[in-house]
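Look for subunit A in each of the two complexes below; its partner is subunit B in the first and subunit C in the second.
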Partner chain A sequence: MKRSKLWAWIILILGALYFLLPLVATLLFSLSIRRGTYSLDAYTNVVQAPAFQQTFTFSLVVGVATIVVGLLIVVPAAYFVRLRAPQLRPIIEFVTLLPLIIPPIILVFGYIRMYNSSSLLPLTNTALGTNILLTLAYVALALPYMYRAVDTGLRTIDVQTLTEAANILGANTLTILVRVIFPNIIVAVLSGAFLTLAIVIGEFTIASLLNRPAFGVYMQNVGANRAFEPAALAVISFVITWIAMGMIQLLARFAPKTAPRTD
Partner chain B sequence: MSNNTDSAAANTATPASAGVVLSRSGVFTGVRWGDYLGVAPFLIFAVMFLVVPTLYLVVGAFIGRDGTFTFQNIVDLGTPQIVSSFWISIRISTASALLGSLFGLLIALAIIRGRLPSAIRSTVMTFSGVASNFAGIPLAFAFLSTLGRLGLITVILKTVFGFDMYKAGFNILSFWGLTITYCYFQIPLMILIIAPAIDGLKKEWNEAAATLGATPYQFWRYVGLPILWPNLLGTISLLFANAFGAIATAYALTGSSLNIVPIVLYAQIRGDVLNNPGLGAALALGMIVITAVANVIYLVIRTRAERWLK
Partner chain C sequence: MADEFLHIENLVKSFNGNTVVKSVNLAFNKGEFVTLLGPSGCGKTTILRMVAGFERPTSGTILVEGKDISPLPPNQRKIGMVFQAYALFPNMNVEDNVGFGLKIGRVPRDEARARVEEMLKLIGLSGYGKRFPFEMSGGQQQRVALARALAPKPKMLLLDEPLSALDAKIRVSLREEIRAIQRELGITTMFVTHDQEEALSISDRIVVLNAGHVEQFGTPFEIYNRPTTRFAATFVGTLNTLAAKVIDPATKSVSIDGQIAIIPSLSSAARSGDAISLTLRPEAISLANGHARDIVLDGTVSEVAFLGAVIRLKVNLGENALHLDTFNDQHSPPPRYDEKVKITFGGSDILVLGD
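For the complex of A and B:
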């Protein structure tokens, strides 16, 4: 093995400067709410604010609802496409690309026009309806990541044999999905879930335009009115993103390794 | 990031698994309706919450105040305010896509082919996963704390080196400020997408070129870059679309002082600032067309590029 190349180190150090300096600066900024000394006051202010707790809980609940609804839609679709209807795959894959192509602001603009109070399905009339609309919008945002995670999970197990075995033992399709397939892809599902949570928890555009009290909207408000608290919020958000990604990495080590049938 | 789906498609297309499907449910007699039932929720959801809302806006762009078909909304996009918002959006997206892919490529090359300790590669890849998702409002806060008027770097440069960035013409609420900020998620995204492509450059090609007497420059000029080229172009257009649709970071950073297209559209949705719902839809149509073109370029090029790197 030859020695490391000098140019590689130089690029790496420059890159590290660009990526780490803002993090260090944000951290230091968040600690310097008191003149001349470092303190955690900005964090205490943030965490103790009722609005923080309410909006964070709201976004967390919406995030979990997004994951549940997303799985209900994605898991059966991915399972049937893999097992019985591969001719539908191009359509499904095209659909999973749509949320990457259509910007969120366009999506929510369409929703507001389509599901407003004078429409056939006036979801924006009530708070509950708007929350449902917000959840469905997040399901749409998360669709590409969710589908890919589930499909990757299905690829690592032997769907065919598991299904046949369960069939022979008398299980119906619902039982197979819930008690055989789902437990086998739980690791892949969880990594999709954490990614979804990371995307949803601080989302601003859709929540703001639907007037929902979400964490992203709260953060924007704080940013417009305070000096040091936003930095504290940025640090908290970064830690949350890091935890979510760390969980995905960690989960990857526990993925089941039942090789697919190669006949 | 999107490579998984394609290899998955390739997997099921193998004759063996197709044969199993044939013998089980019989493609010749058509798929059983029960099978569609499992896919139905997915398709219904896609139609109701992805396809129709978008088409609704597209159609709305061609409907005037009186409810009849018109091209007037599209013509009205030609007002100076809207043209300048598209122009600055395109400039920022292009600049952050080009800078993001250049530096992303360099970092990816450094960690994969720079013979750095292997722990560095996995650290950089993990960090890229985090940073590419660290966008939106918190990212704006981070850069305000760094390069804002009271930001750490600004203050250090002023007090220690006597250099006032803001007097020298820099402003975080500007074209360059936003471009530098966008690079924070553009560079990691580039690293994540281009790393597999660089892995696909086989060692044998290096050795073959070296045996024939090629310098490293000649290798990259005539072998490496031509092979990576489609991937690079594709990723640049993806990064462009990524920046073009982004709004939260810009909104938190600049409020409404920088009129990029998504911010104009945001204000329009909020309070019909353009005084014309049809014009709002036309604005949305403009965004859809631009991001769709950029994404289609990416998808087409990626499909072609993958044939090379198998």
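For the complex of A and C:
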């Protein structure tokens, strides 16, 4: 084996151990609720807890709402920037990166200040209003991932020519977006959607400060009060994230093929 | 004109102060196949895109059957278009691609299905309806794009360099197919290309464009044989230019590399000693193997290109170099490199060009 190849393997194994050992330890710990034997009791306790089901459902619904609202904003925006205002792309990219730079705690204090009970738009007055605020906050949080996923999808197709081809055949802008553009970037859109879901399911800071019954908040509470169940929850949330990532990989195989041919 | 279909009047297009189409006037007859021919940046695609509605004219009007279509968006112009990059919708199969315009136009389902079948038959792809674009060759994809453009029965067809992305062999067969379909349907067609052979072979008329203006508008025969400007003559086909000096305007005699020739088309305004340029096509010149025409000159072969049916020779006459084409004759081999030859051409073959 060549020297450089050997080093590559050593670094890879060290990296894998660094990532995998804590996971294996967490998994083993989550199975060790009974002394001297492995069992799924911690998982049973977690899944059967009403709070788990409520918070998980809540986060799932907010996640889906985030994806829908996010796509309604991001897909037309990315499409128009690519088609009509490509010079705005660097600005839009910068704006979509801001949620990565601004910590969620700053973001949520800003929201609370802007939309509290004494503001012009007192969203925090009601549970529904706060849920809407939470969803919008998550839309902002997911923006870097969602925009990049959609923009990458748009890059794989000839947006201008497809738009013009549909347009001259009689289609208006909405029809073009729905029937031509969206189906051709659906895989990219779904990968953005799964990333968003993965973020929303585990998010703690914003949900906690807005006092919403989200899964991330529940995980923190369980972590503060129990021993084995938090480990089980961590494994469950890892599995959910991995499923989401696996779905992205799987869907990539179904992307419409656009390779040009000259024969 | 009674059968005038498309009328373009004083069409101007500027991008950020840079005028790319300069007061273009054109009139197409109904059912005519007209090619816009010119080098990159001459404005041909911009004119086509203004007719399609993708670009708004800076000034001027575009009339289709007497009606100004300039204010209409592309989706209300009832024009079909085929793009260089095929532009088939990757998520749809052939049937759905061809039927897209019909669906948008809310054509009843049965009628639309029949029309799609008819179109697929027309392009020779019946039975390919369920295939996706990526499963087809470039030539097949472009035929589907043509069927898609024609399915909604447009008033006019625009072809934006539809053959440029294809291999040379497919290009020739597809252009013949496009022309046959256009003739069969009798649809007025605007074809954009930079390929002169393509333009000459399939057009009813050709518009030669240069730097945003029309150099010449005429039939392929007129454009090739009677170019009215130097640009049209040099852009379409190969053109030889000979430097000559006027000896005696009265006898129309000139000197080419010290050899005397009589040029019947010499301008009466020419004066003794004037330096002039004589232009002529390669096929107008032949080797004077015992059959001399009006003018005979001595030269030396500097290049021999055997192209199969045709042999292209380059003959040097002092500072001048002439290309000439002769047919391959299996009984007499072509002259060799550096061989002294006599070339001959008719006085009337010399083109008199305005700049």
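In this section, the second predicted complex is superposed on the first by the 254 of 263 C-alpha atoms of A that agree within 3 Å, B and C clash if a C-alpha of one lies under 4 Å from a C-alpha of the other, contacts with A are read in each partner's own complex, and residues count from 1 in each chain.
One rule holds for everything that comes next: a contact is a pair of C-beta atoms (placed from the backbone, for glycine too) under 8 Å apart; a residue touches a chain by one contact, two chains touch by 3 or more.
Just so you know, these numbers come straight off a predicted model, no measurement behind them.
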### Task
Answer with first, second, both or neither: which of subunit B and subunit C does A:P213 touch in the superposed model?
neither
Of subunit B and subunit C, the partner touching more residues of subunit A is B
Is A:A198 touching anything from subunit B or subunit C once the two structures are fitted on A? First, second, both or neither. first
*asked:* Which partner chains sit in contact with A:N184 here, subunit B, subunit C, both or neither? Use first/second/both/neither.
replied: second
Using the touch definition from the top, say if A:A224 reaches subunit B (first), subunit C (second), both or neither. first
In the superposed arrangement, which partner chain does A:G170 touch: subunit B (first), subunit C (second), both, or neither? second
Message = Just checking: does A:L107 make contact with subunit B only, subunit C only, both, or neither of them? Give me first, second, both or neither.
response = first
Subject >> Which superposed partner A:L162 touches (first subunit B, second subunit C, both, neither) >> reply: second
After superposition on chain A, the subunit A residues reached by both subunit B and subunit C are 262-263
Contacts from subunit C onto subunit A in the complex sit at residues 52-54, 73-77, 79-81, 83, 85-91, 100-101, 104-105, 132-134, 136-139, 141, 145, 148-149, 152, 165-167, 170
Subunit A partner, complex, touching residues on subunit B are 2, 4-5, 8-9, 11-13, 16-18, 20-21, 24-25, 27, 31-32, 34-36, 38-39, 41-43, 45-46, 49-54, 56-57, 60, 103, 106-107, 109-111, 113-117, 120, 124, 126-127, 129-131, 133-134, 136-146, 150-153, 183-184, 187, 241, 244-248, 251-252, 255, 262, 265-266, 269-270, 280-281, 284, 287-288, 291-292, 295, 299
In the complex, the residues of subunit A that touch subunit B are 1-5, 7-9, 11-12, 15, 18-19, 21-26, 28-30, 72-74, 76-77, 79-93, 95-114, 136-137, 139-140, 143, 147-148, 151-152, 155, 160, 173, 195, 198-199, 202-205, 209, 216, 219-220, 223-224, 227, 230-231, 233-234, 237-238, 241-242, 244-246, 248-249, 262-263
In the complex, subunit A touches subunit C at residues 157-158, 161-162, 164-172, 175, 179-180, 183-184, 186, 256-263
